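Next come two complexes built around chain A: one with chain B, the other with chain C.
Presenting the complex of A and B:
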């Protein structure tokens, strides 16, 4: 017996992307939230494509957006911001799982967890926000593809101020981060651009990391370019259990186990430990993970400006330098077993452990990469209504129905005979079933399925289903 | 009573003993569809979404099931799963400890194996096993099995309990002989594996069939899923707040229990409490080659159907979900006995979570919204050996 062909990846790619369209065409309404009102209540009312404008004022709530295509936009008037205040009591400021969501111009402060977090969102934009600690991560896009984090000011994080976790195709540009354990971090992510940021007065400036025991097992293609990385000498106050607790102060840029990391055009100055460090994962975290490669490969340290780094190395950096018999920190320090690195301007720099770095070919530059975002929005739901009808029948209805025998509910051949071509009548029954057969239990309502899907399921049953 | 594809026609033999004629299903179980390769492939609403591999979130695709099987292999596995014939004493089937009415677990602190009588918490007189019996919903997605993660496929896992002296106490010879003596099984194996009935039944075929059946145990239609797919009425206010606690970064539960499966293949030392009177269970740390960094590390279990699988943790240390939440809400490492060298997973709260009582209550509400057994397979009323099938616990 042969069944129907399952959906292929190419079939997925062909279909339409209603979500990103809805978001980009701005067909939606504008909802306004005034001081004293609830932002979440507006989110609840909003439909994909809508814009929510938040007036200046104080908002003490967690805002979560589990729908697509919402633009949450603060209005700053006469220097007055809309302020989300967790008062050191609420967990997180803004939580997003929807795709195509914008979070902009909010002042988010004093949340115990994260200030602004996306989880599983694609095509997001986090822009022009101020996120103030104490908090865990100020801005944390996690699990998602194609995002922009720009023009934010983030400070006072107990870990990274801006943390890109297990994400793909994200630009982190034109932000200022300070007074945090790490200014900007990219963890187990791919195709990340960290550019034109001002990262200062943290424990560690910018870090790209390959961390163990996470569901994403690689970290690749990261560009750190044209940032000002200065005075990252803050005392490390991370709690003892945190992996950042072992991070020595004075590190400008840390490449930890990631592959194809490019460091180019940065102004790296007055970091008291080391300007750039290339190391393996266990410099910070020793949890074993047999499914990942902890060694950094193919790092390019291209032309950067190093000024006055290394005047007071501390902690594990001090230990490493002591082993090498070196008093002062260096511009570039490498440890571990990584391969295929290169360095430019070697003679202008103080270096340690870079003997296995080749000289980068003259003219090597990442300049051709202007952005790591995808050329087009990621298609979130590439299914036609008919395809969704089939999916829903198989994923939901088959728990109780088979084609030609009694399971919990009656066989579909009976239903087909009963409804003929009347899709609407069957769709209506699916939403509001009534007990018809004494020898069967009453069917539970399936009205959680959207109306168009109920109709698509009915069409699938009446027109397509044949075995 | 469900009637899937199998039609068990009971024939009364001349001596009064039951013999049965079994037909294997020729179509896929609920939520599976047959592809051109003749195998059953999962169909789920999460296929509507795209994301990069490994990434979690609310509307993201599922990881792939590790194996795909034919309808006949799945249905044969179902008969084997419920047939005590595989066990050494012919009294216990897989289902005696992985009971369908207990979310394919047993409701006990730790399992009860060889020589046991009965099912679930009432099972007695058997060997007491050192670890808790895991439920089997969504087990087909896992790349590590057993609490310490020592198996990497269901096929490999399935014969573990079968041949363990303190569990099903069987042997390869016993399995081969018991099945070879049964004409029904000879016929059904030949059909499921498309070979002659004259060939002997291979252990690999038994393992494949059991893995096939277990892979069909899919739970993806909870109220949480309805919420994920867009119905914001599917969860109560408390459950939604609990979801926010769950994914937020004070709770940070999603870091290991990655949605939408709420599990991961990682081993995590979370600092579980010891069992009084027993040495501290070092979990994956003592598997060869012994790795002290994995001391006390166990596989991250799924939270799907978690409300149905009490008690919790690898030795059932916690009777209720509320106890588990309290454990995580207490300071990092508080339950590790002095002297036990455990390197706690770095995602265990760096500071005490200190979730207030309302957050804890909401989190518990949320965990109760992950329940779905709508794709339960039919429990056979009879199996080819003629041995009794497990009693049902609630009709």
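Presenting the complex of A and C:
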């Protein structure tokens, strides 16, 4: 995280983006993709540092970028966008594993898994896109450092619309999210700024979460600031048993197990259950994981505007309020045993369970933090073939397959038995699948993955994957 | 042992499965959830009377196997049903039912995206049918026996965990608290020494506005430690609470004590699970040397008993599996 002199986050972000743009333009060539052509073909031709401009038109494909410094930039002309359409058949819209990549001005819709996903990418920028569901995650940077997610519109996610997973130093600013289970989520991440977003009409508006059974075991230093968090009262339609099935409707902001979370300057209104909830992880997710501390510490609920929250609590929130003998929802609800919390403006708020919240010291503010991005791009080490195999398996394959259960496709244990050690045959099948079983849908071709990646995935599945 | 009415029990289960399977499939949509309700059916033949107790013992100590635990619960329920005046048998059946539900709850916990929810739900609902009957029978018993009270408390803590709403869970937890307080007042070592620490856990877990009390929890856990120091679950949970209380030295002491406790042969899975949890907690403290000792101990147990579950969450929906960067488990 960097402090700064008075300079707004957006100004800094723009400056960072401009520097990034200028650097890449100085280094790379520009390739143009016209309607009817393949974006992926252009990615294959591109060299690191190149810019790919996509003309308005309809593109029914998955775009996979594993080269560094690629700038994939849509051209919007006369209101016409370049549209990537998964037609509810393809899993991913844009998948990125290269570093220093920009994805901007694309309309991405109807991908079953992820609209735009970066995996292991550092120094990325996802900006000015529209990502439309139904999908699992609309925008999902995972395992990356130093990123900017700005000016996107994301809606219709079965999970989080913008989901920053196991990442560090990311700004999520100036976005609009709605009609999703969670509008914006930071999961097991550090140094995250969620600012100036309009988050409305989801089940839960903004969530910072510390979830179990993931490789990153802490979540720290998150600022939720100057957002409009309104009317997050959508019915929860997540599949029963899914983690998000426990997300309580009517909740503006959820702080679940994360440390040093600051909630400041937000307009939090018309959420039917509770404005801000601070809770331990295992209140909602009970998977044992003693490597992580499930209790939120050092939450600061600073000055925000709370307006008309809690008028009609439902489900879990209603249950909690009933237990406490409280009729109406509250502005701030705490269930956990974390420590060192503080709350400002206490007398102006309705609260429950905040006995261990101190009064924040006068003048406490996060204003000194203009951005969580690093001052310089972080060093980006190239991934090994094994890492690429595991990352791609996680990003691509687990949307439809699990090890020993039938999901969309057959269990991996069956695939391992079918292919033995024949990595090449599996890699070939991944590129050109044919329907083999009547009880499963046809697998979409993953021929956008380069040969070496397909082989790495096949090697991982056949040689390493176990349970 | 009297003859049992096995067929009535089996028919009821089948009908329940059908209803639940359909409901879950409709609610979940066409993808992301396996239509697994049929896997909730297990073979559970009724043994001859002379082999009944041995069979139940063998099944109930197979604590790694959902079907064995389910069958143990079913058989003890049938036996209890045929001897309704035998309070001890009712208690035994309720504990077996509770153990089965707890086992399925944990399987569900590691199924992060609920892929097999139809199976888990069907199994739990089936067990609850029996559990509720047994609980009601025991509630009507005029004698306040500590084991009876504790068994009822444990059931009420366990059954709602995955299948009831938050309000029901809280109400049942509070009811369990009252039952356990009565039990430990009569016999502090009730439920094989587990009642006291479970009561402490209730006070620690409940939010303050629902009766939670961290100080009281700590006191109860220390009492439990003084009374039954060789209880792996109590030691691990105490260590967890001390870690939360920012007392890593005491947490480390409790975890170290676990190293000298022999696993209960009647519940090896719990031993393996608690050693895993303890290793994870030691890693967090951090105490790498202690974590390694706990790992070694668990590895030795798993090697000697390869049927025990290793509790690895399967990767699904872009989460879980090994760390893609290091390739290691975590």
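Operating definition for what follows: the second predicted complex is superposed on the first by the 354 of 467 C-alpha atoms of A that agree within 3 Å, B and C clash if a C-alpha of one lies under 4 Å from a C-alpha of the other, contacts with A are read in each partner's own complex, and residues count from 1 in each chain.
Simple rule for what comes next: contacts are C-beta pairs under 8 Å (C-beta built on N, C-alpha and C of every residue); 3 or more make two chains touch, one makes a residue touch a chain.
Keep in mind that what you see is a predicted model, and the values were worked out from it rather than measured.
Once the two complexes are laid over each other on the shared chain, residue contacts for A:136 go to chain B and to chain C alike. Legend: residue contacts after superposition of the two complexes on their common chain; A:95 is shown touching chain B, with no touch to chain C.
In the superposition on chain A, A:386 makes contact with chain C only, while chain B stays out of contact range.
When both complexes are overlaid on chain A, the residue A:292 reaches chain C alone and has no touch with chain B. Of the two partner chains, chain C is the only one that A:352 touches; chain B does not reach it. Look at A:64: by the touch rule set out above, it reaches chain B but stays clear of chain C.
Of the two partner chains, neither chain B nor chain C is touched by A:269.
When the shared chain is aligned, chain C comes close enough to touch A:335, but chain B does not. After overlaying the two complexes on the shared chain, residue contacts for A:144 are found with chain B alone; chain C is out of touch. Contacts of chain A with chain B, set against its contacts with chain C after fitting on chain A, overlap at residues 112-114, 117, 119-120, 136-137, 140, 143, 213-215, 217, 239, 241-243, 286-289, 291, 390-391, 394-395, 398-399, 402-403, 405-408, 467. By the touch criterion given at the top, residues 1-7, 12, 44, 62, 64, 66-67, 89, 91-92, 95, 97-99, 112-114, 117, 119-122, 136-137, 140, 143-145, 158, 166-168, 190, 211, 213-217, 238-239, 241-243, 285-289, 291, 378-383, 388, 390-392, 394-396, 398-400, 402-403, 405-408, 448-450, 467 of chain A touch chain B in their complex.
Against chain A, the residues of chain C that register as touching in their complex are 24, 27-29, 31-36, 105-106, 108-117, 120-121, 161, 165-168, 170-171, 204, 207-210, 212, 214, 240, 243-244, 246, 273, 276-278, 280-281, 283-284, 311-327, 330.
Residues 112-114, 117, 119-120, 136-137, 140, 142-143, 159, 165, 213-215, 217, 239-243, 245, 286-293, 295, 315-316, 318-320, 322-324, 334-337, 339, 352-353, 355-356, 386-387, 390-391, 393-395, 398-399, 402-408, 464-465, 467 of chain A touch chain C in their complex. Across the complex, chain A is touched by residues 2-5, 26-28, 30-36, 38, 41, 43-45, 47-60, 220-221, 226-227, 229-234, 240, 244-245, 247-252, 254-255, 258-259, 264-268, 291, 293-294, 332-333, 343-351, 355-356, 359, 374-375 of chain B.
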